[in-house]
Amino acid sequence: MTLQQILEEVESGRLSAAEAEVLLKKESHETKGYDEMGYAKIDTDREKRTGFAEVIYCAGKAPEHLVNIFARIYHENGEVFGTRATKEQYEMILERFPETVFDPVSHILKIEKLEKEYIGRVAVCTAGTADIAVAEEAAQTAEYFGTRVDRVYDVGVSGMHRLFSRLDVIQEANCVVAVAGMEGALASVMGGLVRRPVIAVPTSVGYGANFGGLSALLTMINSCANGIAVVNIDNGFGAGYLATQINRLAEGK
Amino acid sequence: MTLQQILEEVESGRLSAAEAEVLLKKESHETKGYDEMGYAKIDTDREKRTGFAEVIYCAGKAPEHLVNIFARIYHENGEVFGTRATKEQYEMILERFPETVFDPVSHILKIEKLEKEYIGRVAVCTAGTADIAVAEEAAQTAEYFGTRVDRVYDVGVSGMHRLFSRLDVIQEANCVVAVAGMEGALASVMGGLVRRPVIAVPTSVGYGANFGGLSALLTMINSCANGIAVVNIDNGFGAGYLATQINRLAEGK
Amino acid sequence: MTLQQILEEVESGRLSAAEAEVLLKKESHETKGYDEMGYAKIDTDREKRTGFAEVIYCAGKAPEHLVNIFARIYHENGEVFGTRATKEQYEMILERFPETVFDPVSHILKIEKLEKEYIGRVAVCTAGTADIAVAEEAAQTAEYFGTRVDRVYDVGVSGMHRLFSRLDVIQEANCVVAVAGMEGALASVMGGLVRRPVIAVPTSVGYGANFGGLSALLTMINSCANGIAVVNIDNGFGAGYLATQINRLAEGK
Amino acid sequence: MTLQQILEEVESGRLSAAEAEVLLKKESHETKGYDEMGYAKIDTDREKRTGFAEVIYCAGKAPEHLVNIFARIYHENGEVFGTRATKEQYEMILERFPETVFDPVSHILKIEKLEKEYIGRVAVCTAGTADIAVAEEAAQTAEYFGTRVDRVYDVGVSGMHRLFSRLDVIQEANCVVAVAGMEGALASVMGGLVRRPVIAVPTSVGYGANFGGLSALLTMINSCANGIAVVNIDNGFGAGYLATQINRLAEGK
Amino acid sequence: MTLQQILEEVESGRLSAAEAEVLLKKESHETKGYDEMGYAKIDTDREKRTGFAEVIYCAGKAPEHLVNIFARIYHENGEVFGTRATKEQYEMILERFPETVFDPVSHILKIEKLEKEYIGRVAVCTAGTADIAVAEEAAQTAEYFGTRVDRVYDVGVSGMHRLFSRLDVIQEANCVVAVAGMEGALASVMGGLVRRPVIAVPTSVGYGANFGGLSALLTMINSCANGIAVVNIDNGFGAGYLATQINRLAEGK
Amino acid sequence: MTLQQILEEVESGRLSAAEAEVLLKKESHETKGYDEMGYAKIDTDREKRTGFAEVIYCAGKAPEHLVNIFARIYHENGEVFGTRATKEQYEMILERFPETVFDPVSHILKIEKLEKEYIGRVAVCTAGTADIAVAEEAAQTAEYFGTRVDRVYDVGVSGMHRLFSRLDVIQEANCVVAVAGMEGALASVMGGLVRRPVIAVPTSVGYGANFGGLSALLTMINSCANGIAVVNIDNGFGAGYLATQINRLAEGK
Amino acid sequence: MTLQQILEEVESGRLSAAEAEVLLKKESHETKGYDEMGYAKIDTDREKRTGFAEVIYCAGKAPEHLVNIFARIYHENGEVFGTRATKEQYEMILERFPETVFDPVSHILKIEKLEKEYIGRVAVCTAGTADIAVAEEAAQTAEYFGTRVDRVYDVGVSGMHRLFSRLDVIQEANCVVAVAGMEGALASVMGGLVRRPVIAVPTSVGYGANFGGLSALLTMINSCANGIAVVNIDNGFGAGYLATQINRLAEGK
Amino acid sequence: MTLQQILEEVESGRLSAAEAEVLLKKESHETKGYDEMGYAKIDTDREKRTGFAEVIYCAGKAPEHLVNIFARIYHENGEVFGTRATKEQYEMILERFPETVFDPVSHILKIEKLEKEYIGRVAVCTAGTADIAVAEEAAQTAEYFGTRVDRVYDVGVSGMHRLFSRLDVIQEANCVVAVAGMEGALASVMGGLVRRPVIAVPTSVGYGANFGGLSALLTMINSCANGIAVVNIDNGFGAGYLATQINRLAEGK
């Protein structure tokens, strides 16, 4: 029996919740380390292995798949976190889970435990206003995983005094996330000013020869400064995840 | 007077070493934060600002420039570290500094302080044998900056049991450096197995459609696993630097 | 007279079906090996030459062209198979052929003979849930041509234990189809684990620097493992076709 | 003790060959499935797992590493096969193993068992004369692994009658290897003429906008014909390996 | 006074048609060789210089600009020819010029003189059905400029017998236009079979790694056959123009 | 208090305009050189530093952000200039500032001071009619910053006499802006004819292998003529800005 | 017996020349249309089919292969033409055929019949001096095939008056070959000035972002002028071949 | 008679210098505006038209061509300037013109008039030491054409204090040349700090994903700062030329 079949059995009353739980726990978790849902295999072993519970990349997921995976993880962990969600997906989920929260800027969809404790300190910076969507994905991801975040937005290199006026916040962080589109020079400038790792996130913001973010990606990969860790174009989630890993190490977790 | 002029004055006996020191210290370090050499400005403020003393990228440097910069940093710090050096550059330096050491695999040229203390633990891994040159650049960079390094070589995904047999070493490190050419899949596999950051170094090893390392770079940037920090193709130095930053944080430095 | 003219003659009653059949059979099949339809030349010789009857690539076909080609092949073979169909195309065909079946996941449109016999065994695997659309195109193509298929979905390298738990199924197949987007590392991992050919299908799933599937394509083309046969991005049909060729050889057909 | 240490012990007489064998067999093969050589891990489990013994990619290997790996595999299997070797590497190996054979066209270096049995039939074809180097790498790889090979050279599409005059040989093969540079159209033409898989090998032969083989690679990946399995640019070895896998299946191995 | 101002004067009755004609002829044609319209300069000297009257590239033209340019050329030449027109543009023009004809396949919009004489012979061929839109742009362009055209559609290399059955038509033409997407191998095959120039038109038909027609373009540019003249992706107009130039030369015009 | 909070205080009557002005002037301008708005930092120091007041890149700005930034700059400078605005953005701004002007060709949104004085002379030229949108962005930007502009449109190289007939205007300008898509040859031709700098603006006008303007960009960057300054694809604003800098120098400003 | 075997038989005296001729003629020419040489298949049917005898692309040919193919074609046709030859290849051929001529500029190696008749007129033009090597390949190819050629060198667009002073020669030709590197604008300018086809040859001359000729290729493919036929980068031979085809048509051949 | 023939006549004494001068002046300069040398057409009209005498791009020029062109321009102008010269070319020229000067850093070869007057002020800056070769080409070009130059080297963004300490020099210049490889961020930072145009020169300095300077080129083209004029990769000459044009305008020339 797949997870879906078990859940349908419970829904129809032919299986009690308690029996289902036993079935699910025994088969999947202990033996295989994942839940078989046919179209997906929820990696229940992930938190133990990597320190991070599985999250959902919502883009392109079929509605019923999304709801089931959302529910499955929520029931497992008591909270759930999805990225790149649409307003339509949010509304569909909302019907079943009214406590769901959606942020239209970062496109994050989540139910989060209350009174979470935040540790350390990470600075999330952007070159321009249009980079904020990606920056918020990074910041909220880090926060979901327990990281304290400082936001420093619109400090691009065309007006360097804006960056210098916030340098104290940036230099005190355990690591810095630098989010920039166009030519992406922010990461190089940061790298020369701080002693901690700079996680560089190229964005697709810009036009013409930016080629969907390739320009910023190449800038960051070729940086003359050191201590620059590059992630994929627009990959705020990856940056928030990596920042959390580094922040945890710094805080002895 | 530029640094070069001052040094020539000392060489010719028209200026004492002590006077020169005063001149250099006062003018450059305290006021400007760098030494003006005309063709170069040695960033003497760097260690204070970033925690790392300046190193030398030897490739393409004119012989006399290289020697002068090498000497300048050595006198400043009591040790000096150069990457991408040629055998000819080594032999030229050797005449003036017989204590210089050159590693033909990593092309590192250095004079290193004795009895350095190493902290923490970083695992440097390669997919194949041909990736070792880049891996050694990473490993020796990290060691120069005081990081303890474990080497795990030739554990590419075409024979996964080799990787699994060394998983204990990899999972205990504060961070992992994954060096791979061809399709560069090693980083993704690592990312799914460890809780600490994976620094991915694409190499230009391979042929055909690897396009000088672009293939491995794209693989690593697009990794489905999280916690992957990518640096430039063949950039072992950058990886060793970033690994040191993370290792220091983990060790409370 | 072209095929279209003949069909119109039959429609208007000026030509009997039997007469038309004679005309069509004699002219096209025996002499030329194709049916001339003006805008298309149906390759009636294909099955004899390659072992595969002609199928329809529906994308971008004008409505009347699609219906006529669909009808022509159906009448020739008693079954017909179209890929990349839209819901609108399906509804138009449905009016004339109510037995038509459409799968919204794979976008396959077909009328298939009943009680088909399946031979051998091919494993169709995906890295993630979003790759299933392409995988189903591969699986259903192979099944249409008489291949028995095992589906192994969501076994990407970020959680390798999921793949290992299904390794028995994968290793027993005559060949494996590995469907993966993002960095496409699944194919390399497979190649190191099985003795049979791995057909690698890069998908356009992903974002940022995946460049519409180019990243996964380069990964698979540069694989450090051997026995990897690469097809075009999102080309599930090509993979199912190639898998059928190999499966037939293995079964002595 | 690493393999190297064990061998040095034997060389110096402090360890008998028999004892060494026991050590090596027990530790490496049974427990780990590979031989640890420090700079390399010989995958001794590979033949059992994939049906193919490990071969050596000679390009860029340090001399002493190459000799040791060559010796190690030779002693394990009684034969050994290296690709992309230089004349210098050959001469170095020749000193220790006078039975070594080197082919300057394909750059293959090998010691092969006598009276090998060949099964099935694979056709290796080229578009032009300049593609023969890659074709020979494919052909000799397939022969090394026990495949009977027919060579059909210089049958490019600018003079199609040359191809048609050899079509009988091509159509009878279990699979066809099509090696072509420039625009690489040979693979598409083949795909429309045979019922068995076509393994397409783009070569870097050509000039101008061929971009080192990218042109032929894109042609083959986008082929309008089906049953085309593409490997990397100039990857004759990969094609011979894949052809062997398919040929074995066809012959019931 | 610009053309627009002159026309408005005529419209309002302040200027007679005859006077306007004098103004326009004298100023523009004889002195400058073009009509100044502010947003455009109609090249009235073009036919004398190149043998071809100016045509209109409709894509992206503002409605009023398009109508005015259309009218201007029509009045000059008694006929007018526009490419890449939309249905909306057609309907707007139709209001003013009810004799306008629009072909939804090629997106050509025109008013053509009756009883045009056609000379010579050009064969326009396509690899597949989806290439017909581009082929019709080529064919109708050539016809507009007085070239006799034979259409040979759907003769791609996956079923070569279709091409061979029409070889007589192709070999008798003064030149051949080969329109193909996907891998674009048709041009190379043609080049080896005919003695006259082959104008190769890559199309954006295909998917995956065809990169909007780049794959076919590279194939055609790198063709191993000679006598291949390549034009831009989807540039049917350019092919029809070039074919007309060659056809005229062959017919002594 | 952020700027937004201050403005809200004024709006609600809890703060007088005069007090607000003091607050804003003191805190932001004198100390930091920018206004903190949370999602943006208005660079109030820019005009003093660069000679150009800050302008607004409207594309992708959230409605409320755009209105607030628009208002802020208007109040600072008495005029305001936005590029890449949509009609929707215009209508929203219009509600609050009825004196706003929108040009649907260049997509410029502005309130401009009356009776501005224009100095010097810049020629803005286009190759075709479709390049006018970008050219107007350049021309109106230059005019906003006080530059006198001559427009010379539709003088592409396919009819060189059109360009030569306007050469006097072009040669008298302090600098020339050459706007061209497709192959972008206009810039090279200009460079050989004038003694003043040519600012080359590649546009995305064209199709097929123009790759969104990359073709024209490469042409201009590789120009065989000298004195060519290239800006980003479709970057009319950047060209107008640069032309103004050069024009001011020529006029002694 | 292959051609090689037959020739060896003749060499050793076991076969008379006359007998050999019969063998070769009968077997190869009449039945197959090519000569089988093992490593090559000389296309003896080509002249009949395409109007052009086979020529030799010398680059990368093994010495003995080159000599044999050279001899074979020379004996067949009484003349022979090779492109991209090296000085070493020339010297080797010279030993056997002292009448061989080598041009170090174009790298053409040939033995040509005396008192050849030239027809028509083709203009071969270059943008700069560095493009002459490619232009000479084009010019001498056309001459070898009987075309009269006018050379017009160094008429690039940075000094347009040089081109205009030779316009009479260019406009009288049956077709124009425009050879240009860097930005390749020459072809577009030509296209607007002549009524005959322009064959555009991009060259790899230039540096920086010319990417080995890609810049010039894109310029020519995207030309705003019509009647532009593009061949591969540096492909002088292809241009001379195409020019000959067009010239023959114009001269009624 | 060509220039070469005339010069040979003078050399052999059959023509006096005075007669030759008349011939050359009358024919070439006044009527055609260039000197016909067969392989080159010296643009004698250029200085009048553009304000800059013709210079020589030495790379790839045949020895005798280079000497003749060098001599021709020297005799015309009394000075001559060549870029990208090799040491071998220098030595050859030196034999004939012992006053020739060669700079091995910038590869400039020249004979320059004494006591040249320099006007205005241009700042030439580099990010690193390895960019100096390109910077010197720019600086010496500008100086040759009469511009006063300040050199500011090694002020890259990884140590921003070095740049700030020289800001006075940079801000006082009529324009700034920013030379940078790797990620090329220097230009963006400059753009935000100065009121005059910044000429950005990407260099090929760097490794890995810098793709021969493409990375720096894209950075500079996509700069978020304004007033950035980009020239080709490593094109110091173009930058020096453009800087001179702007400097002359600023100085009223």
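Details
By letter and in written order, the chains are A, B, C, D, E, F, G and H; residue numbering begins at 1 in each of them.
By our rule, contacts are C-beta pairs under 8 Å (C-beta built on N, C-alpha and C of every residue); 3 or more make two chains touch, one makes a residue touch a chain.
Please read all numbers here as calculations on a predicted model, not as lab measurements.
Identification of common neighbours of subunit B and subunit H yields A. Centre-to-centre, using mean CA coordinates, subunit B is 44 Å away from subunit F. Subunit D and subunit G, compared by their mean Cα positions, are separated by 37 Å.
The multi-chain contact residues of subunit E, meaning those touching 2 or more other chains, are 158-159, 192-193, 208-209, 214, 217, 221-223, 226, 232-233. Shown are all chain pairs that touch, namely A-B, A-C, A-F, A-H, B-C, B-D, B-H, C-D, C-E, D-E, D-G, E-F, E-G, F-G, F-H, G-H. For subunit H in complex with subunit F, the touching residues are 49-52, 174-175, 192-197, 199, 217, 221-223, 226-233, 237-238, 241-242, 245-246, 249-250, 252. Those residues of subunit C whose C-beta lies close enough to touch subunit B in the complex are 127-128, 156-160, 182-185, 188-189, 191-193, 206, 208-211, 214-216, 218-226.
Those residues of subunit C whose C-beta lies close enough to touch subunit A in the complex are 129-130, 132, 153-155, 158-159, 161-162, 165, 205, 207-210.
On the subunit C side of its complex with subunit E, the touching residues are 32-34, 38-41, 43, 45-46, 59-61, 65, 202, 204, 212-214, 217, 232-235.
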